[in-house]
Amino acid sequence: MNTTRANTKRRKSKSLTAVKAGLPPGTLVHVGAVKTDHPLISLLAYDDDGIEEHRFESIAESRAYRPQHKRLWLNVYGLQDAEILGEIGRRFGLHPLVLEDILNTHQRPKIEDYGTYLYCVARVFEYDSATRTLSSDQVSLVLGENFVLTFQERRSGTFEPIRERMRVPGAPFLQHGTDYLAYTLLDAIVDQYFVIVDRLGDTAEDLEDDALASPTPALLKTINLVKHDTHLLRRAIWPLREVLNGLIRGESRFFSADTRLYLRDIYDHLVHVIETLDAVRELLGDLMDIYLSSVSNRLNVEVRILTVLTTLFLPATLITGIFGMNFEVMPLLAEDWGFPVAMGMMGSVALGMAAIFWRRNWLRI
Amino acid sequence: MNTTRANTKRRKSKSLTAVKAGLPPGTLVHVGAVKTDHPLISLLAYDDDGIEEHRFESIAESRAYRPQHKRLWLNVYGLQDAEILGEIGRRFGLHPLVLEDILNTHQRPKIEDYGTYLYCVARVFEYDSATRTLSSDQVSLVLGENFVLTFQERRSGTFEPIRERMRVPGAPFLQHGTDYLAYTLLDAIVDQYFVIVDRLGDTAEDLEDDALASPTPALLKTINLVKHDTHLLRRAIWPLREVLNGLIRGESRFFSADTRLYLRDIYDHLVHVIETLDAVRELLGDLMDIYLSSVSNRLNVEVRILTVLTTLFLPATLITGIFGMNFEVMPLLAEDWGFPVAMGMMGSVALGMAAIFWRRNWLRI
Amino acid sequence: MNTTRANTKRRKSKSLTAVKAGLPPGTLVHVGAVKTDHPLISLLAYDDDGIEEHRFESIAESRAYRPQHKRLWLNVYGLQDAEILGEIGRRFGLHPLVLEDILNTHQRPKIEDYGTYLYCVARVFEYDSATRTLSSDQVSLVLGENFVLTFQERRSGTFEPIRERMRVPGAPFLQHGTDYLAYTLLDAIVDQYFVIVDRLGDTAEDLEDDALASPTPALLKTINLVKHDTHLLRRAIWPLREVLNGLIRGESRFFSADTRLYLRDIYDHLVHVIETLDAVRELLGDLMDIYLSSVSNRLNVEVRILTVLTTLFLPATLITGIFGMNFEVMPLLAEDWGFPVAMGMMGSVALGMAAIFWRRNWLRI
Amino acid sequence: MNTTRANTKRRKSKSLTAVKAGLPPGTLVHVGAVKTDHPLISLLAYDDDGIEEHRFESIAESRAYRPQHKRLWLNVYGLQDAEILGEIGRRFGLHPLVLEDILNTHQRPKIEDYGTYLYCVARVFEYDSATRTLSSDQVSLVLGENFVLTFQERRSGTFEPIRERMRVPGAPFLQHGTDYLAYTLLDAIVDQYFVIVDRLGDTAEDLEDDALASPTPALLKTINLVKHDTHLLRRAIWPLREVLNGLIRGESRFFSADTRLYLRDIYDHLVHVIETLDAVRELLGDLMDIYLSSVSNRLNVEVRILTVLTTLFLPATLITGIFGMNFEVMPLLAEDWGFPVAMGMMGSVALGMAAIFWRRNWLRI
Amino acid sequence: MNTTRANTKRRKSKSLTAVKAGLPPGTLVHVGAVKTDHPLISLLAYDDDGIEEHRFESIAESRAYRPQHKRLWLNVYGLQDAEILGEIGRRFGLHPLVLEDILNTHQRPKIEDYGTYLYCVARVFEYDSATRTLSSDQVSLVLGENFVLTFQERRSGTFEPIRERMRVPGAPFLQHGTDYLAYTLLDAIVDQYFVIVDRLGDTAEDLEDDALASPTPALLKTINLVKHDTHLLRRAIWPLREVLNGLIRGESRFFSADTRLYLRDIYDHLVHVIETLDAVRELLGDLMDIYLSSVSNRLNVEVRILTVLTTLFLPATLITGIFGMNFEVMPLLAEDWGFPVAMGMMGSVALGMAAIFWRRNWLRI
């Protein structure tokens, strides 16, 4: 997640087109940036009787292990090792297209029902307020009768609070089925969106101040980049909403009626995030107007300065011209007090003009 | 409701993300600003035979009380005491997610059917025309077979006229079921929207005058803030419309066919408010055009002043330059009337120019 | 209808919020401007055998009257007398909400089926091209098995041509049921929309000429006011379209299949009016562009004048400066023809510049 | 079709409102411009055995004629003679509303099913690239079991190629039913749209060149007029699409399954025309941007000229001012080479400035 | 594909209108540019036992050939020879409208079910980044029980990788039905879209840099041309999405449930392409704002230069004017140090002004 947005954008498209074009479907090739050094497999088995946890550095290590609790949560950090995916796919009977989607980290969020399991893709985001950089990871989730598989691009703490809640001895959590676990995982993802949208909102408000203070074209480019980020976020969040809507209406047998009530809660949160995001987007749109009007205003100020200057100096210059003419007979020239009078004329014209400008508020630049 | 909009906006997002992220669902924590010192519980029981009213400062106080009329309206002002909510929830069998939503005062308006009761959320608004500040409270309503529960963030007078109508001896109101009470409560909320939209409309018209008189970028920022307020209002009103539509079509068994006719009346009012709000929004959008054109116009005026000045002084200055040249043989210089003639030339050129400008309306700044 | 738009706009919202808030539903209070001095009740009874007409100044007068033809058309001009409405409501069994809507003259157009009768609201408009003022009245129509009731805010001639057609002895009109009468009343209302949209279109074209000739911010305000009027009109016409669509698809038993063919004709007219109105709205939107470009163009012209002036005078002024320097040894100064030569230099530079401008079309201001 | 757009627009609305308001439905009055001197009736009867053709100058002429082939195509050019319409209506059992629509030539395209026949309205267009004028005629088509009636506003060649194809001896055309004839008539109308949209596209491209070369407000008005024309065209084409969609889905029994495949072909063409039209409309929208940016660019150029001039002359003028001062002790004034040195200073400052401008590309106006 | 866009655009519309207008439906005339010299027919027959390939230069050559494997893929490069199409049409029982659509290379993407086969049209694109030229070809695909026919406008390598995969001995591909072959063909087409959208995105980013560096109206025209290209692309991709949606929902019996899972994969890719394309389109829209603001900024800079110059020179010029006046009694003139003092005054005023500008950042042009 330490890549800048510009890099991400270009690299994504290049690799996508270079790697995929012409390959048969279901070929297990990792498409996307490698974001962790060593993949890690973590296993958590639980049921009403308790939980057990285990971590494996390789897929070979895990083969011998037999869990003692009946509900399974298998999580993989790091996707570059296609062999791991292949073996997990065979063990849990995953379709080649599912494995392909897990490895291709540019999926649009979706849920697909494969009969014996549900496959779900979502994105988690990170926003660096200092560099105004938004980065994102793909999270895949497979929900079966008694198992949940999750696949993340790097070692992240997104799901750590959930593990904490499961580790509490006698936690009511452990009595729920794997559908409830899947719900809490989705909930954790959606909760993060609030934080991101919040920071984007703060950035937008900062940009508003900049637009009023120093409207440069470079700022405009920044505004458009942030707008683009809100767009990316929206693309990741909107499809989730449709997906949840389907689950709530009971389209899938993998979620019990009771858990569906909780999905409705996530749905509410998603709608709230979307509405807040739209408000941020509108603010960014309004920024354009403020920016352009700020530019116009500065032009007005500059033309005004020019006009004030011209107004103050042109009459005075004319007066010096008049008394610089070479007529033999001219008033004042021969008088001792002629020069002070001429200077006074210049001064009073300038003062008169200044008074007019004062009343018009033109001297407050 | 005495917080300014800017404060509200920032505080909301901060608290939301800080408090909620990672908590298990159904945890009873109040999320939102504390808007009253002491919570207050008011009880109103009624049926065809009459009504009785009672107020409790604490939930403990209320435990011993047994109402003598069969229909119950329990109202809670102030949500910071999660214990009150917890006990009411247990007594009326409310789902933990309902209690969570009542306490989290940033809900989107909605109605949810929980089988034995209907849960409804709406927002009431207050608009301070002087500071152009919009603030809002969440109102929760639970409608059961023989009870209505309402939860408000502070002690407000929104429902007072309804209590007045119920207190009239032999009021036909008392013969209706609790669905009719729920209708009148919703009606009172919607009636307030008219007042708010009205004031926003007045503000928009004031801003229009400002845009013509003094188009500063700061004004533009104000316009966008008011636009943002209309947006907030719209977000609170639109979902209600969908909700009412569902109730009118008979989706819920909690409203009798007769009461549904009255819901249709609220629906009409909501549509009217939305249309008026949209007109205000369009006016605010048009303000941008008026603002920008007003800025352009001032630039024109300023360039025009510059042009008039240049036009009046440049020829005169040229004439003084000509008669300031040092040629030994030059006309006029030796004549007594040379100077007045030169001054006359300057004056007549200036007058001629002024006449042209007069016809072009350029002298009316 | 002699109120200006500005007045109408403010008075509507004020009265609406002041009068309605907190009143129980169905309270018979007239909400809206009083537009006629004395209410008037006109009765027209007809069937295959002929027609009879009668006018009553008060509701008491009408109690004794027994019509001899079986189909009834009762029309009320002026709504301020709630007693009239109350008695008519009781006689024809109207729901309190219907009476409330008739009296509250800010309804959105709609049709509601109350089982034994159909209640319909629409708006009629009047446009004063001179003051560019749009005003409107509400018309309510109740269609029962053998009666039609209409309620208008003032004495208007909208329905007079229909009475004329019914008065023709042996008119085929009289053999149709009251659904056909209701159709002709709606048709008369829709026909008026053509006239209004026409006049708004003429106004828009006049404004286009103004925008090219004299683009002032005040004109922009006028454009936006007219745009607002087209918006009001649209709000009154669009709902009617939906309403008619429902009737045509046979949603109501009050219109026979035969009369529904005629409703389809009104529907066509409504669509035509809406499309024409949208064209007017688009023209008004384009006006903004013409206006702004007209302003820009004037700025260009003014800067051009400034440039031409500067170009013509600066070189000449430089030449006078050169020959005004006090060097002891300078060419030309001592020659008799020096001055004319200097003047010639100034003239030829100015002429050369003018030639260049001529080719660039800069002298055609 | 020789009327200009402006005329058409005003005349349409005037006549529409003047003639129609208050008339009973079904009154046979021709509403629209009279576009041909003498109406003409042409009859074509055909079946598998061959065809016969006949032309009548009046309806009386046609009464005696008995066609010998069983499928009938009756075409009327010119609609001002309501008597013709009346008699045809009676002979073929047309509803009064159909006759009214045929005579009122401002119908929106539609298809209506009257049980024993189908009534269809469409518009044909003509575009004069020279005057940039779009004009249109209404074409009505009635399709019955064994007959097709067509009504055109003037004698046009739109359907001539179809007659040619029918006249070919033994043409397979003649074996199809009248639904196939109706299809070919619609196809001929839609084929013409390609030509019109093509020409509008060429006009838009011409306007683009004008916007870059000479951006005057008058051009902007022209752009908006062409935009308005594309709007008119769109209004005529879009409804046809819906209409065809309905026929293809088999909503009407008048088209056989086989002919519906051909209707699908027309539908494809319509969608293609609409997409091309939308591209033209987008191009016209972009023109606004090019126009405004072209105006801005010219302002920049003009201000640049002003700046260059000021920059070249102000320093020189200052130098002449310096050597024009009357100090008794000043350098250079007494030297023989003083004047050339001063002139050299002026020249070198001007050259230096010019060099700077050269590098900034400011001298390429 | 070597034609420029401008050419393509004009030629398309001209030929379309010239050739098609008035022709009977189903006439086999090639409409579009001829893009290859000699048509070529390539045949690939396959089943579980293996594959065979053959190429024919003419349709006559192919008549004698009898393939030994039961699944057939016939591909035609070059469409100008209507005879080839005619014979293939007769052999495979294609409807005349299908043949017409194959030959008319301006079809909108679509899928039509003709009972015994499915007809599908799509477009492949090529984008030349150097000349910023987008060109496209039409690809037609007919899917029957045991055959796939493809028709391309020129010899292209689009489908070569698929042939490679089929040639691998014992490839699992060969065991799938022709529906799987049709899927891989569509997949190859959609994969190419990624490459094109990628390049358009790069072009848009280049244009953004240009807009900041040198905002000329010509650049604006280029931006609009690229926008137009994204529009063309969108028109080709959107309909495919609808088409695939229908196939996935099982509307056609030609695709097995298993292959439909793969179609869902293409669908995902299409949505991804569309979203990326929309991001490019938004970037192009934002470019307008950057462009216009860049132009405004340059105007500000130019006016600022003018103001700085005027400010630096006007006071100095006034001072020279003062000391150039011809008063007999004036201070300083007679002093030896008078001239240096005057020069110092000019210098210090200029320095003071420069200091003010420095603080305002006006000297950084």
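Going in written order, the chains are labelled A, B, C, D and E, and every chain counts its residues from 1.
Everything that follows uses one rule, which is that contacts are C-beta pairs under 8 Å (C-beta built on N, C-alpha and C of every residue); 3 or more make two chains touch, one makes a residue touch a chain.
Remember, it's a predicted structure, so these values are computed and weren't measured experimentally.
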Which neighbours do subunit A and subunit C have in common? B
Common touching chains of subunit D and subunit A: E
Rotating subunit C so its CA atoms sit on subunit D gives an angle in degrees, to the nearest 5, of 70
Subunit E against subunit A, contact positions shared by both copies (same if over half, else different): different
Subunit B to subunit E, mean C-alpha position gap in Å, rounds to 45
Rounded to the nearest whole Å, what is the centre-to-centre distance of subunit D and subunit E, using the mean of the C-alpha atoms as each centre? 28
Please output the residue numbers of subunit C that touch at least 2 other chains, ranges allowed. 292, 296, 299, 303, 306, 310, 317, 321, 324-326, 330
What pattern do the touching chains form: line, ring, star, complete or other? ring
When the cyclic arrangement of chains is written out from subunit D toward subunit E, what order is obtained? D, E, A, B, C
Which residues of subunit C touch subunit D in their complex? 161, 165, 173, 184, 187-188, 191-192, 194-195, 197-198, 201, 208, 212, 261-262, 264-265, 268, 271-272, 275-276, 279, 282-283, 286, 289-290, 292-294, 296-297, 299-300, 303-304, 306-307, 310-311, 314-315, 317-318, 321-322, 324-331
In the complex, subunit E touches subunit D at residues 13-14, 16-17, 20-22, 24-25, 95, 97, 100-101, 106-108, 110, 112, 215-218, 220-221, 224, 227-228, 231, 235, 288, 291-292, 295-296, 298-299, 302-303, 305-306, 309-310, 313, 316-317, 320-321, 323-326, 330, 332-336, 338-339, 342-343
